[in-house]
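Below: a set of structures, written as C-alpha cells.
Paired with chain B in one complex and with chain C in the other, chain A is shared by the two complexes that follow.
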Partner chain A sequence: MSNLSFKDLKTTMQSGYLPYLLAGAHVLIGTILVYLNQRSIIAFLVLLSSFFSLYRIKADMRYKLFIGAVLALIIIPVLGVRNIFYLEVIFQISVFSALALGLNIVVGFAGLLDLGYVAFYAVGAYLWAFFGSKQFYTLPYTPGSQPTDLPFLLPSDMFYLFIFLAVIVAAITGILLGLPVLRVRGDYLAIVTLGFGEVIRVLAANLDKPLNFTNGPQGITPIQRPPMPQSVVDGFNAIFGKLVGHQADVSALYNVMFYLMALGIIVIIIIVSRRLEDSKIGRAWAAVREDETAAIAMGIPLVKTKLSAFAAGASFAGAMGVLLAASRTFISPESFSFMQSIGVLAMVILGGQGSIPGAVLGAATITILNLQVLQGLSLYLSQLRQSDAVIPIINFAWKNLSSQLDPAQYQRMIFGLILVLMMVFRPEGILPAQRRIKKLASESAPNKE
Partner chain B sequence: MTIAIETLGLTKIFGGLVAVNNVDLTIPDKAIFSVIGPNGAGKTTFYNCITGFYVPDQGSVTFYGQPIMGLSPDQIMYRGIARTYQNIRLFPSMTAIENILVGAHSRLTTNLIDAIVHTPRFREEEARALDEAKRLLKFVGLAGQGDRVARNLPYGAQRRLEIARALASKPKLLLLDEPTAGMNPNETTEMIHFIRNLRDELGITILLIEHDMRMVMGVSDRIAVLDYGSKIAEGSPAEIQHNPRVIEAYLGRNASEAQN
Partner chain C sequence: MKKYLKPINLMELLRPLGQLIVFSLGSAAVLSIIVLALAIVLNNTAAGDKIFAQLKVSLFAYTVANLPQVLVDGLTLGFVYAAIALGYTMVYGVLEFINFAHSEIFAIGAFVGVEILIALQNAGLIGSGSSLFMDYVFLILAMLAGMAVAGGAAIAMERIAYRPLRNAPRLVPLISAIGVSFFLQDAIRLTESLTTGQFNRIFPTFGNFDKRITFGKIPMGAAELPFSVPIKSFIVIIAAVLMLVVLNYLVNATKVGKAIRAVAQDRATASLMGIDVNHIIAITFLIGGALGGAAGLLYALKFTRIDPYVGFYPGLKAFTAAVLGGIGNLTGALLGGIILGLLETFAGSYLSIFTMGAAGVEYKDIFAFAILILVLIFRPNGLLGENVTEKV
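Up next is the complex of A and B:
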C-alpha cells in the first residue's frame, strides 16, 4: 500500500508544472542554504544535488539547460568565490568528471579494462609543465641546483594552444601504447595498462638525469597560468562584489576560470561521447565489447576499433592534464599514482559503465566523499580528541583514541568497498547505461504496415 | 555459369586431427547449397576456413574469381561473405535495430570527424542506414521489435535477427550454420520459405549447414556430404538420399547394405 502511494507521489511530482517548480525550488533552497551557512557540508550537498534533480525531472529541455546554466555559470562561481573551499571541491569534481567520462569511453563503451588511465593525464600535465615553465632552461642542471633567475620558455597564453596539443599528444600516446597491446584480450590488457601507468609515473620520477626533463620526484614548479586581465577582476567585483561580500582577488578568479574551463571540456566530452556512441564507431565499440568474434565477422576491424577507443579516452585525459598543471602551477609524479587510476575507475563503475550521467555522478560522489565527508569526519574526530569529552557508557576518553583512526586515511578502503559492493549488488551501476531507443514502436506497429 | 565460391583441396589440421580433408567444392551463383554430415564431420570448420577465422593448411578458396584465402575475417566480410552461427551470437545488450546497424558497418563510410561534427553526409547516411535496417527488420518478420534488446527476444526471433544482421552487409554469399536448430516443424517450414525468398528476392547465394533433413531436402539445389573431414558425396537431394556412402556415414554399414 505504501509502495503504491509512493508511486502515486512520483507520478504527481512528474506531471504538469510541478517538476518545474520543484527543481527550481531545489536550486533556490540550495543557493540560500549555502549562502547563509558558509561551512555546512549539508547545504553544499543540497546545492549540488539540485543538478541531479534538474537532470531527473520531466521538463522542457530548454528550461533544464537554462536553470543548469544559471546554476553552473553564475550561482556556483559567486558562492565559490565567497567560500573558496567550495570552489576547490567543485573544481575537483569537474576534473574527475572529465576523467571519468574519458575512461568511460574505454571501459564503458568499448569494454577495455584500463588500469593505467592517469598515464594519459600525466602526459598532458607534463607536456604543459615542461613547455609552460622554466624547465627547458634547467635541462643541464640537476634538481635543486638551477639558478633562480631563469625565464619562462613560452608566453603564458600558449596554454590554450597546448590544450589542443595535449589532446593530440595523448591520443598518439594512446595509439602507441595500444598498437602492441590491444592484440591481447581481457585480463592481459588490464595488466599491460597497469604496467604502462606505472612506467609513466616512474619515468616522470626519474627523468631528471642525464637531462633534467621532469625535475624528478620534486616535480615542476612554477607552471604558468593563462593571463588574467585586471579588467576581468574589476568586472567581476563590480557585478558580484556585493553578493560575494568581499573583493575577489586574482587567485580566486583563477579558480573560477579553471572551473569554467573544466566545465567547458566536460560539455565537449559529453557531446562528443554521445555523438560517437550513436554512430558507426560507437556501435563498433559496443559490438567489440559484447562479442569480439561476432564483431570481426561483421567486418569490424578489431585493432582499429580498440585503438580509436583508447585514443578518444586518452585525448580527454590529456586536455585535463594541461588544465591541472596550469591550475596547480605545480605537478609531481605523486599526482599520477596507481590509486588515481583506481579512483577514476571506481567512479565509472559506481555510476554505471557506459553511462554518461553515471560517470558524472560517480565522480561527484567519490570526490565529495574524499574531500568533504571523510575530511569532515577527520576534523570532527581530531577536535574530539583534543577535547576532554568522554564516551558516556563505556567511559572511554576521546583523547585516548588512536590517531590511526583517521577517516581521511581510509580512502583506499572506501574505493575497495565501493568496487566490491557494486560488483556484487549492482554491477550495472547507480545510473545504468540505457541503449539508445530509436522510437520505432509507434511507427512500425505490425497492423499499420 | 558464374561460380560464387570455389574451394580446391581445402585442408585444415588441428594437431593430429584432420578436421577438413582435401575438400573441393564449387558453388554456383544464386544457388542454395547445403553441406551436411554427422556431428564432428568438419562442417563448421569448413565455414571457419572460408570466412577467415581459420587459415587453412592447404588448398585455396576463390570468391567470384578472387583468391580470398589468408585474408582476415573483416576483410572477407568486405568482399561480400556474411555468416550466422550455430549458437546464436547476437550482441545481447544492444537493441535489435542496433544489431542490424552493426551488420551494416562495412557499408558505412563516414568517419570519426563526421560523427563528432554531425555533418550532413553523416546524418544522411545514418538516416539511410536506419531506414534500411527497418526494412530488413520487417523482411525477417520483426517489424515493431526494433527497440527491444536482443537478449529479450524469443529464440526464433533471435535467429531471424541474426540473419537480418548478416543481410545488412548486403552479402553476395550468406553462410547459415544450422538456422533451424531448436525450431519446431512450423518454424522450420517458415525458414524454408524464408531462405528461398533470400535467394529469389535478394539474389543471394546461400551455403547452408543443416541437420534437419526435411529442411535440407526441401530447400537445397545441391548437397555435399562431409564425413571425417572429407567430402564423400555431392549431388541433387534425390541423389544424396540414395547414395549408399551417405547412408553408411549417417546410419552405419549394416543399414546401407540392407538398403541395397
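Up next is the complex of A and C:
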C-alpha cells in the first residue's frame, strides 16, 4: 500500500472505463444532492464541479460532450426551475464566464491590460435598454416626470437583432477608443481604459439632460424581454412538471431562456477563441504580447493587431450587455462600476491569462464566492448576532460584534487579495494556458532589465 | 559629523520656488485668457441671455467677477494634486511602474491624521477653548503621524507586493498594484468600521481654519461679490509648497537624492557603484508615501469628508498630472498638478454656465481623463518630459 503514490492513483483513475464511470457518478451524485437540498452551497458545488471533472478525465470527446450537454441543457434547467435560487447563480456564472472569456482575448491573448472592460458591456446594455424600452419617448422629460402610458419603441422580438447590432456597435466603440490609445505603452493603456470605463459610467449617470437618454442614476426600466410563447411553458410543464414538483411560470422559464442564451454565447466565444488562438491573427497577438519590438521587426502591424483584439473582446461584452438588459428588465450605471471591471479581470487572472477553461473556472469561482460564500457568511454572522452565543475562549458575545462586519460588503478585499496572491505566487493562473506553460518553463532564469 | 553639515545649496532651495510661481502664474494666466475669450464669444448667445435674465449681468462680467475665487480654489487643489503626483512620478522614475496603490497611501494618511485629530477633540485638547497655537501644533503633529504611517505602509507594500515581481513582465506588478489598491480600500474600511462603527469620517472643526479672510468686494453688475479666501486654503498651499521645496532639495542636492537619481537612470550600474538598490527603492517609496499621506490630510482639511475610497479620483487625477507634466520628472509633476487643479476648478465653475446647464460640475471627474488621452496622443512624453526611447 505504501508505494501506491498519488501519481499511481492518478494513472489508474485515468485508464480504461474508470474515468467514464467516475465522471458519470460525479454528475449523478451532484444532481441528486442538489435535487434533495433546497439551498446548499456544497451540493451545488458538487454539481458544478462535475463540469470540471468532465473536462479533466481522459475519455472520448463524444462522451464528454454528450454528458456535458445533458448536464447543461437538461439537468441544470430542471433543477433551476425547481429552485430558482440555483438558476440565478448559474445565470450569473454564465454571464461572467462570457465576460471573462471576452476579456481573456484582450488580456490573455494580446496582453493588453483593459481596466474598463465593462464599458463595452454597458454599451450593449444601454443600446437595448434605450431601443427596447420606452426611453425614446421620454427624451423630452426629466427623470420621474414622464407620463406612464408611453408605448414601447420597438417590438420585443427585435431583441435578437440587437444582439448582433450590439456586437457591431461594441466593436466599433472598441476600435474608436483603441485607435488613439493603442499606440501608447501597456501600462498607460491600462489607465486610459480605466478612464474610459469611468467616462461611460459617468455619462450613463448624467445623460438625463439636456435630453433624457439614460434616465440618470435611476436607470432605465422596464426593458422588454423577447416574447415567450405559452406553448413553450406548457411544453416544459408537460415534460418536466413531475420532476420540478410544481408548475413552472413564465418568469422561471425566462430565466432558463436567458441562461441558455448565455450558454450559447459562451459556446460561440469558446469556438471563436479556439480558432483565433492558432490562426494567423492569434499568433500575431501572442507575438505582440511577448515582445512588441520583436513583433514589429517581424512585420506584424502593431496597431491593427491590437485593435482586432480590442474589438473582438469588446464585441462579446456588447452581446452580453443586451442579454443582461433584457434579463434584468432594468439597468442602471451602478452595474458598470470600476469594481466590476476589476472583478472580471480577477476572474481571468485567477483562472490563467490566455486559458479558456481557466477563464470559466475563474468566473465560476469568483461568482460563487460573491453570491454564495460571502453572502452565506454574512447571513451566518447576522444569525449569530441575534443569538446568545459566545466565543468560548476569549469570552466574546457575538451580539457585540459590529454590524459593519459584513463579508458581502468586502468584495474589493477579495478581488485585491486574489490579484496580489496570484501575481506573487502563481502568475500563470490555476489552469495555465498551454503556451504560457512552455514560456514560463524556459524563463526560469532571471530576466535582464 | 562633518559630512552631514554641508553648506546648504541655496540655488536648489530657490529654484523650485521660482518654478512654482512661474507655473502658477503662467497656467492661471493662460486659462483665464481662454475662459475670458470664451465668455466674450458666448456673451451674445443664449447662454449670455440666460445669465442676464437670472443675475442681471452680462456673462463676461459674471466670469470676471468669479475669476479670482476660481483661481485660488484651483491653485489649492492643484498643489494637493502636485503633492500626490510626486509620489507617482518618483516611483515611476525609479521602477518604471505605475504604483496604482498610491491613492490608498493617500487615503491612509488622511485617515490616520483625521483619526488623531478626532481623538484629540474627544480628549478636549482641541476645539472650543483651545489656544490657536496648540491647534496648529496638533495639526502639524497629525500630519507628521499621517506621513509616517503612510510612508511605512508604502514600504511594506513595496516589500510584500512589488519586490518579488521586480523582474517580471511589465503588467504583472501593475496588476499586483491594482490588487493592493483594492485590498487596502477595504482594509481601511474594515479597520474603521470595527474601531469606530462607521467608515465616513469628518475632519473636526477646530482652530481658525474655516475662517475666511476677505480681500474686498468685486462689483458684478449692481451687486457686489465678496472675494474671500478661507485660511485652510493658505495652509494647504503653504504646506504643499514647503513639501515640494524640501523634496526637491532632497532629490537634487543630497547624497540620498543622488543615489535615487542614479538608480532611476540605470539600476544595474548604480548597484555596481556600491548603491544598495533595494534600500534606495524603499527610500523612494517612503518619501513618495509620506508626501501622499501629507497630501491626504491636506485634502481632508480642504474637503472635510473622507471615506475609504476617497483616494481613487485624486489618485487618478494626480497620475494624469504626472503624465501631463512628463512622468519621471519632478518639475513636470508640479506643473501637471497645478494645470490639472486649475482646469478642473475652471470646468466645475464655468462649464455649467457656458453650456446652459447641459453639462456641469458632474463631469469634472472625467475631465482629467479627456486630458490624459489627449496628452498621450499628442505628447506622450508630457509637457516637460524628454524624448526617451524604450529600452529593449
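Observations on the structure shown:
Going forward, the second predicted complex is superposed on the first by the 431 of 449 C-alpha atoms of A that agree within 3 Å, B and C clash if a C-alpha of one lies under 4 Å from a C-alpha of the other, contacts with A are read in each partner's own complex, and residues count from 1 in each chain.
Criterion: contacts are C-beta pairs under 8 Å (C-beta built on N, C-alpha and C of every residue); 3 or more make two chains touch, one makes a residue touch a chain.
Every value quoted in this text rests on a predicted model; they were computed, and no experiment measured them.
When the two complexes are overlaid on their common chain A, residue A:L302 makes contact with chain B while staying clear of chain C.
The partner that reaches more residues of chain A, of the two candidates chain B and chain C, is C.
In the superposition on chain A, contact of A:L417 is made with chain C only, not with chain B. In the superposed model, A:T148 makes contact with neither chain B nor chain C. Of the two partner chains, both chain B and chain C are touched by A:T293. With both structures placed on the common chain, the touch criterion links A:P210 to chain C but leaves chain B unconnected. Contact with chain C, but none with chain B, is seen for A:L115 once the two complexes are overlaid on the shared chain.
Of the residues of chain A, those at positions 293, 446, 449 touch chain B in one of the two structures and chain C in the other. The touching residues of chain A, counted against chain B in their complex, run 272, 275-276, 279-284, 286-287, 290-291, 293-302, 308, 435-441, 444-446, 449. Residues 111, 113, 115, 180-181, 183-188, 190-192, 194-196, 198-199, 202-203, 205-206, 209-210, 293, 338-339, 342, 345, 349, 402, 404-405, 409-413, 415-421, 423-424, 427, 446-447, 449 of chain A are the ones touching chain C in the complex. In the complex of the two chains, the chain C residues touching chain A come out as 97-98, 160-161, 164-165, 167-168, 170-176, 178-187, 189-190, 193-194, 197-199, 268, 312, 316, 319, 323, 357-359, 362-363, 365-366, 368-370, 372-373, 376-377, 380, 390-392. Interface residues of chain B, counted against chain A in their complex, comprise 51, 53, 72-74, 77-78, 82-83, 85, 89-95, 97-98, 101-103, 105-106, 108, 110, 112, 114-116, 118, 122, 126, 130, 134, 137-138, 143-144, 146-147, 149, 165, 169.
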